[in-house]
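One structure, as structure tokens, below. Some questions next.
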Amino acid sequence: MTGSYPAQTPQQTRHKDIGRLLLRCPDRAGVIAAVSTFLTEAGANIISLDQHSTEPEGGIFLQRTVFHLPGLSAAGPELEREFAARIAPAFDIEYRFTDAAKPKRVAILASKADHCLLDLLWRNRRGELDMTVVMVIANHPDLADQVRPFGVPFVHIPATRENRAEAEARQLELLRGNVDLVVLARYMQIVTPEFLAAVEAPLINIHHSFLPAFIGANTYRRAKERGVKLVGATAHYVTENLDEGPIIEQDVVRIDHTHTVEDLVRLGADVERAVLSRAVLWHCQDRIVRHGNETVVF
Amino acid sequence: MTGSYPAQTPQQTRHKDIGRLLLRCPDRAGVIAAVSTFLTEAGANIISLDQHSTEPEGGIFLQRTVFHLPGLSAAGPELEREFAARIAPAFDIEYRFTDAAKPKRVAILASKADHCLLDLLWRNRRGELDMTVVMVIANHPDLADQVRPFGVPFVHIPATRENRAEAEARQLELLRGNVDLVVLARYMQIVTPEFLAAVEAPLINIHHSFLPAFIGANTYRRAKERGVKLVGATAHYVTENLDEGPIIEQDVVRIDHTHTVEDLVRLGADVERAVLSRAVLWHCQDRIVRHGNETVVF
Amino acid sequence: MTGSYPAQTPQQTRHKDIGRLLLRCPDRAGVIAAVSTFLTEAGANIISLDQHSTEPEGGIFLQRTVFHLPGLSAAGPELEREFAARIAPAFDIEYRFTDAAKPKRVAILASKADHCLLDLLWRNRRGELDMTVVMVIANHPDLADQVRPFGVPFVHIPATRENRAEAEARQLELLRGNVDLVVLARYMQIVTPEFLAAVEAPLINIHHSFLPAFIGANTYRRAKERGVKLVGATAHYVTENLDEGPIIEQDVVRIDHTHTVEDLVRLGADVERAVLSRAVLWHCQDRIVRHGNETVVF
Amino acid sequence: MTGSYPAQTPQQTRHKDIGRLLLRCPDRAGVIAAVSTFLTEAGANIISLDQHSTEPEGGIFLQRTVFHLPGLSAAGPELEREFAARIAPAFDIEYRFTDAAKPKRVAILASKADHCLLDLLWRNRRGELDMTVVMVIANHPDLADQVRPFGVPFVHIPATRENRAEAEARQLELLRGNVDLVVLARYMQIVTPEFLAAVEAPLINIHHSFLPAFIGANTYRRAKERGVKLVGATAHYVTENLDEGPIIEQDVVRIDHTHTVEDLVRLGADVERAVLSRAVLWHCQDRIVRHGNETVVF
């Protein structure tokens, strides 16, 4: 929209020929050696390699590898075929290769509150978030004027408790096949299990408390009533169990008796937008692995 | 015990002639003027004056005033009589005068864990906490050798679920009339409503989570299972409702997937001792006013 | 610009009849009583009263009082006259009354970086900052499109080392008499002592390090070279001595060896905008008193 | 000394058969594959593997590998010989193998301040620090009684500006060959380049400011005079350039105008002991690699 920002290397250039390999398998000796040898022999230079074992022994082994391979976009499919044939079976590896130069396609669902939505759009315009925002869907029209300057389509789909099925059907029409991630940026509506099953992309939500404290609604009012000295926010993947999905990131801010509920809402907004943007960044960089109801963030 | 610490002005000297006045009354105009004029006319110099109204209008007015009055220990009773006669009735004021030179008498109840207990004893030896520790009561003998070098009496009163009534009776014999505050420094035993009613001093407890998350036991294990990214601690006054008393102070520390439950216990211990020592300090400085289930910390 | 934000009480309504009195005088007994009695007799209800003595004895006494006085805008001048006649002389008080309902008029000076500027404009649109942004002056045209949606005049005055005198003259023409505060939001140009003397309003600057570390330019590069584990930002009043004015607020963020200089710039930007917005808010609420080269933030 | 602490697996058991390999070499493809294949073929299971390249291209490659090898203490020398013969030359690798079951031998140098010293001794008694404290050397006798209960030898070697050469000679007699690390726990004396050259072990110091702010002495007084809003502490390796060695860890605490210099000293002490203990832990776990004047902390 404005051509004159401080020059930033476009993501496609910065991440050219950078591949990521995420894998999971039963924990046993030799996986790191086998995978790193495979990549090296394929001509790749390993940039970083992180791993985690869920138990001291007999658990699950998780690994994220970032590598540089000249000509990745052409060579990728062959690399993946080779890996599937020669390495994966020997260690029972589930895996996923991604090309860092292909930003994730992200839809943001919003309502009336602007802070999380605008912060995501602003950070992405600065080149911080490694994503393409393909659309904003809101159940109220209020934020249209705010979104327009970012050059992102804004779609108003009224959604209430009453018309949920119909609203979700319209959303799915837009989303299915078009997005790699859906972000609920203070969307304020329940998402049904049917929607989750149908949308074919993970959802990240921002909850306005440091879960598991204050599960549910009206968290800031309840925080004030309980007299806590910290309020916080939690970014998590959405599952069928409301507010109980795997936590990606949390943070808190200090409050005291002088703060009203309105002050808590305002101070909490700063934590919400910071926490959500970190969670989205990490997801877009393929840093997060879900394991049971926990996340490993490499 | 060791005569060679860096010289510190003893509390009795530092706080000589320093008085504190805590008051509470219906919120209406004129209280600050009346109280400050009264103190000034009595020859006192107001050092600090903090106040809080619980509602914008029609709530409760709370105030903490610190003042310097030459000859306070002699003049105090007369000052209090005058205040009771001339000021308090006009505004329906409940109040309490304290002499800052008289440190609070504190008993610490402990079990096997050393971190909170030792940190309190060590900070107090440095002159940080404005209190006199009159005794440590423990339901296990393990920490006796740790406490002895601080010159504080260590009393072992075995306490379990089975002998609770008898143990509390022995504790009350020691405590009643002898202490201004009881600190539960990871004491790990339930305290009965009967004990609370009989002890005639407030109790401060340290809970090993950022309440209201993880009310109850095994907080670090449950934190690990829930996959939270922060663990914390909460210092609160003890009431009949377990883990639901007024919160004084809270803090958190960041964790990640690499931390085991044992790591959480270790990291949490640092937060527990820091949070508890701040709560005890503020209490001993008469900074805390309870209002409903909240605290105002001036 | 958009009519549909969550309803906020306009500042003029929220702060109706709220006055603030800031004063400074030699520290001696009776000031609090005299001032609070004066306000009470004038019909005011004191909402909060903070004070600070710069020395235990014989220093300067500083006080900020917030009060509610029905009909303040009409009654203010008379109140001030009375205070000048009856109270100020007896205690050698320098003072300033302000009407909380009159937001400070603020000009923001910017260059090419958007983060501090946009955060101030966004927070102010939400009603967080108690100010009116009367203009943005930038020495580059780049941010014009960003500023326009906020309904704030954007003035492009090219400024470089070479044309400084001329640029400052044009800025002064716009600023003098029209603003209560000038905010340098990553303005990146030296401000001359002549400008400071002529502008007749205080200036707040944001420095991209935790001063006094890394005084001067290229702070993030130097932070990387020194291998620090924290980077930060400092908001301060501008004086003739570059980077040495009274500090208002500081904060830091943790970094490690994996971060490049570019990452430091990005992470630092979040701290810069947070620190600057807090400093501006406190200034606009008349919370800051300068004393020597320090600030007291009530 | 006290037999009844909560059971902890002794380090020798916990870390049995755990080896660590730290290496450094020019950055080129294949190192990870070669090293991990070597370890796997030797029968080791890689537990964690961290690496860092100092430049995007053509820099230095640093790696820390933790592995489990049954019978390590017997098999270690052969493993090392094989690595030297087969792997190191091919990649110009400098390396160091360590046995995690052999705790580092640490001497602590102290003066009169107790907080850093006691915190290290206390944490180590809890089993947190993976070290053996072989002696405390102090230039004042004051802390002898504090150290004795920990069962650690306390040696009093008076040291002043005047007798520095003699004092250092006596220190070296005790230290040389007996320690793997020397910790300056608020030692308050200059260490000469001659001492550094002769002691044959790295030194870690704790500086009472967030370097590079307030290099030198009287940091808290200077912090108060400058009016900063944060004070901090820095743990760093000691080099010939005072206060300029590689930084290992830093942290800060918030202060305001109400704090005296004495308060800053007290608040800073908490940061000092926390920062120093983290630095010592990381060193003892072979997590720190020095590169130029920076540290990589894996």
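As written, the chain order gives the labels A, B, C and D, with residue 1 at the start of each chain.
Simple rule for what comes next: a contact is a pair of C-beta atoms (placed from the backbone, for glycine too) under 8 Å apart; a residue touches a chain by one contact, two chains touch by 3 or more.
What you are looking at is a predicted structure, and each value in this text was computed from that prediction instead of being measured.
Of all chains, D has its CA centroid at the greatest distance from the CA centroid of subunit C. Taking only C-alpha atoms, you rotate subunit A by 180 degrees to land it on subunit C; that is to the nearest 5. Separating the centre of subunit A from that of subunit D, both taken as means of CA atoms, is a distance of 37 Å. If each chain is reduced to the centroid of its CA atoms, subunit A and subunit B end up 43 Å from each other.
Residues of subunit D in contact with two or more other chains: none.
Taken chain by chain, the contacts link every pair, so each chain touches all the others.
Per the touch definition, subunit D reaches subunit C in the complex via residues 52, 210-214, 225-230, 232, 246-252, 256-258, 293-297.
The touching residues of subunit D, counted against subunit B in their complex, run 1-2, 4-6, 112-115, 118, 122, 126, 128, 140-143, 145-146, 149, 266, 270, 274. Residue ranges on subunit C touching subunit B, taken from their complex, read 28-30, 32-33, 36-37, 39-41, 44-51, 53.
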